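I've put the structures underneath this note.
Look for subunit A in each of the two complexes below; its partner is subunit B in the first and subunit C in the second.
Coming up: the complex of A and B.
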């Protein structure tokens, strides 16, 4: 007996070991992924990232002629040691390393009566001549000035100057500041958040009614014949088609539709239409599943009380299936948030700070693609966006779990 | 060392085993042994992970003076880098990079790493501050890299950043056409435009530049409110940095126009402004390529304007303490970066 048992024990142990090994590997891989993403991206996550624009706003400002001369502005006492203060112009600069690894010179403080406080916008357009607030955090690209003898020169980031040099040059040489080229910091993801919201709303608006209605037809009304079985198999197969194929179809087949509505380029509506098609199989499947769980007894009771089939479906079956349908919707939202390949084709890769339905824009996932595809991949920003997506998907998944638990409970 | 690792992870690992074991009825028996195994496996994996990880982040710089027989440490940029693309093309070793190459994530990172490794060799763009990073630029085919040799074409490791526009009259509005002409004038000919392009890493001949105030007189459109106009660019991803800097600098000079940049690759530069996709969903106004447009298949003669606005130059660098090499030929670059030559004295 004992000799007979040994090989069995060994093979059992081997199989057990295999499962444990796989589990350990999965744990290690997933943990290291999380550690990587969080260690790189967490430092960037703050309200400013969510609120600010991705693109810098450039401005060229000029100073009020009557005040455009050096004076004496004592250094405010509350400034830190790292601030380079220009006594004659009453402005303080700091060095800053951006998350794109770019050395920046930022304005830190401007004295109340400094000539710089009189800056006005010189660009033609609605804001021409309007005052520009020299607030802390603005990038000093270039300061053009003339010295005492009238020779033009410039300083700032375009002259590769650091904060201390800018302040020193202004104090020593500048007799008059001809113009200043300043930029807002940028680097935020507000535009992509808005685009993602647009995308989710519009694609669900299109996919939900169609998806739920077809699921109701397929599972409640359609006869069980070969054609309907083929349709069902077809829909299930569609779930497995790579999304990039849908993207190609979207840009070639659906683009004329959005072009007829006035779109010149790929746009968010086109992305939403494509996403709606991608979502259809998911929504149909999950709605069908939800309808299947509704006990037959409920339908029979309704029918035996004299309700028509349609009344039964819309007043009894669908409401009972609601939690299941809702979890399908949440899964769809997760799908939209995670999609990138199809959207690169249909929405473009330009990060748009003022997205509109017929304009280009990027979802959060495509935003990651955009910041990673350049000459200088921005790992920090990509990881920060990943964290936001992860948290969003986590919340969705928890909600799905909650809903499906409720669904199971209600029919126990 | 091994013991230390083991102990450190023992506590964490057994904790996670306990948690997962609760649901795992199958393994109730013999769980203790499994636990030990799990811990061992986890430790082994972590140790293995730790020992292979430093490959991408070497900290050992070696001794201060390199010996001629020392092994060469090849550094490379990540696969999406345009600098890497340009360098691989110049060394004629695309797709053949040695597998022992250490990958770094940026131009500055490359300079720092090679500056810390006496046996390192890598490549950066010409705009890098060599001395500050402790690296030495190498001559290519006997020519020292400098702005002058790049501009006169004798330094070979370079590529042009070229552009082409849609055909004259093929724009949504006449204002847009004028604005694009103004932008290209700013980009190519103004000192202000050249300055921002140079600061963003491009090589330009600033002696040819004119003040924008002077050039702007030919472009009355820049004095209008252009906030309703959107210029669309496409093509090479390598031009992104210089192009973005130039567009952002030109915005306040030309009535705050809008722009969209869809940089996807040099191949799309011609296609989306003059070629097969010029009226499609991805149409653009200015197309860019980080190479010259191919004569014949990319015929830019119908464009309103085409040309090049700057040159991108790549420089091979070694640690400044390295005296074994000062000049490399294309064949030598090829051999070093494909792994055929692995030590300094093998360089012929």
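Coming up: the complex of A and C.
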């Protein structure tokens, strides 16, 4: 016997080690994912990313002829030391490093009565002739000016000037500003945030009533017969359908609905309708699980007091199951935020800064797909959006865990 | 006294209550019917649109079904749509991922339930849950950034060339990571459900704890573990965005070289999606239909295998 023991100990140890190594591998993968995403995206995370548009708009503006001359505008006292102030033109510039690590010169402040405050859009388009607000954050691509002798010259980012140089050149040589080429800041995700909010709201608005009603029917009312069994199988099969197939379904089955409402292309409403169907099994399952936890005694008590079944469901059963339904809602929100394949088909991949229900737009996840599938994948922006999605999903999952613990506890 | 009672018992009210009950029941049944019939609607419409290009009288010039199913060339620009090699590629990548993820997932599940010390257990469970909750597009970014450079490193070690790391191997690694939490969590449930008496019996017969875990616990949980594998495989087949980021979209095939670029059914459906009419768009429905058929067939065959090897549960 003793001779046999050694190999068994060794093989046992070896097998045990294998399980430890597998578990360690899972931890390594998770950590490396988090480290990669956070190390590449964290530098972009700031309020500007959330606030600004994705596409930067170029504008050529001209100043009002009567006011187009240097004056004397004292530097406002609340400006920081990093702002280069042009005293004659009443404008302050700052240096800025963009998302793409490009050196930019931005307008930081414009004096109230400065000539620049009278800027008018001269680029062709709908806005031609309309005044342009010289707000902080605009990129100064190029400022054309003529000096005292009438010679034309220019400064700005196209002249690779920094903020201090731009202000200095304006103060020293400019006698008249002929035109300015400015760009609004881009690379932001405001449009996608709004689209995602639309998507969550509309899809839940459709999926919640249908899903909860189905769950109540299946677990509270349905008798055991073939029709109800078929319904149940149908809903369960829905979970196994890959999301890209839902996308196909959306454009073929649901597109006529949105087209009847006036949509010409794929649109956010179509994405929301598709998401509503994707969410149905999730909502139904979590509602059913929550209903199962509610003790039968509560329903019996309500019925024996003379309440009807409808009253029992709406006043006793559903309120008791609320934490479970809520966690279903949170899981659904997580699903909407993370979904990409179905939405690429139904909403399109055009990043829209002015999203509307019947217009194209991208959710955050599709935004990632958009910037990654181009010629030059933008890893930084993709990682930054990933961080936002990850944090959002993690918070949702934690809340779900807490909620389900509360539901279990309240009936024990 | 009597008049008091009469005021409270109102037969009309009871009838009204019953009527609302019936209406509510009908409305709720309708909701359930809508939810249950979605799958029928999906299948029907995709079937209809999917077989359209093969029918005579199709508006954009018909495609031969035989050439479509057995073809080994996919050129959207030339209007050549052969999907045979793509099916083989999809099978290779999905089963490759399963082969890689399955043993690791089962061992991890065993570690979580039986071997891990008490404080580590919930921690590992959270790790698996976190992996499961990460959206696929984030996995795609991770794969495009990290897995491809890993593959590039491996390729240069082996002395072969890759297209920037986008390769069959990258797809397999990515899918393995993505299906790992699915298989693990189902395996954990299956292992936790094993009757403790079985283990005690094994221990009493003189087997060591580890022998019991591997020979008794895993054997009696194998039906549930297999169910996890089937679910994981389904996810591997249907995964689209993340795979499309690292697949590389090869035009011909099939791809057997791990370091060569590949093309799966899902990445084909996403590639070059621009117009919303025409053959190039409609053929995606045929590919989607084929994807559903592939998933169904592999599910059926795996369920058959499960019945053969399982313990009749």
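Quick note on the criterion: the second predicted complex is superposed on the first by the 283 of 412 C-alpha atoms of A that agree within 3 Å, B and C clash if a C-alpha of one lies under 4 Å from a C-alpha of the other, contacts with A are read in each partner's own complex, and residues count from 1 in each chain.
Heads up, the rule we're going with is that a contact is a pair of C-beta atoms (placed from the backbone, for glycine too) under 8 Å apart; a residue touches a chain by one contact, two chains touch by 3 or more.
What you see is a predicted model; the values in this text were computed from it and never measured.
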*Report for A:23: first if it touches subunit B alone, second if subunit C alone, otherwise both or neither.*
both
*asked:* Taking the superposition on A as described, I'd like to know which of subunit B and subunit C A:280 touches: first, second, both or neither.
replied: second
_In the overlaid three-chain picture, which partner chain does A:32 touch, first (subunit B) or second (subunit C), both, or neither?_
both
*asked:* Taking the superposition on A as described, I'd like to know which of subunit B and subunit C A:309 touches: first, second, both or neither.
replied: second
*Which one hits more subunit A residues, subunit B or subunit C?*
C
*In the superposed arrangement, which partner chain does A:352 touch: subunit B (first), subunit C (second), both, or neither?*
first
_Quick check on the superposed pair: does A:162 touch subunit B, subunit C, both, or neither? Answer first, second, both or neither._
neither
*asked:* On the A-aligned overlay, A:96 touches which partner chain: subunit B = first, subunit C = second, or both, or neither?
replied: neither
*Examine A:59 and indicate which partner it touches, taking first as subunit B and second as subunit C; both and neither are also allowed.*
first
_Tell me the contact category for A:406 with respect to subunit B and subunit C: first, second, both or neither._
neither
_Please report the subunit A residues shared by its interface with subunit B and its interface with subunit C._
13, 16, 20-21, 23, 25, 27, 32, 251, 265-266, 349, 372-373, 377, 379
*Inside the complex, what are the residues of subunit C that reach subunit A?*
17-18, 20-21, 24-25, 27-29, 31-42, 45-46, 49, 103-105, 107-108, 110-112, 115-116, 124, 127-131, 133-142, 144-146, 177, 180, 184, 208-211, 213-214, 231, 234, 237-241, 244-245, 266, 269-270, 273, 276, 284-285, 288, 291-292, 295, 299
*Which part of subunit A faces subunit C closely enough to touch in the complex?*
8, 11-13, 15-16, 18-23, 25-27, 29-30, 32-33, 36-37, 40, 209-211, 213-214, 216-218, 221-222, 228, 230-235, 237-238, 240-246, 248-249, 251-253, 265-266, 277, 280-281, 284, 308-311, 313, 334, 337-341, 344-345, 349, 365-366, 368-369, 372-373, 377, 379, 382-383, 386, 389-390, 393-394, 397
*asked:* Show me the residue ranges of subunit A that touch subunit B in the complex, using the header's touch definition.
replied: 13, 16-17, 20-21, 23-25, 27-28, 32, 55-56, 58-60, 101, 121-127, 141-142, 157-158, 160, 181, 183, 251, 255, 259, 264-266, 270, 346, 348-350, 352, 360, 372-377, 379
*Once bound in the complex, which stretches of subunit B touch subunit A?*
16, 20, 26-27, 30, 34, 37-38, 41-42, 45-46, 49, 78, 80-83, 105-108, 172, 195-196, 199, 222-227, 232, 237-238, 240-241, 248-249, 251-256, 260-264, 280-283
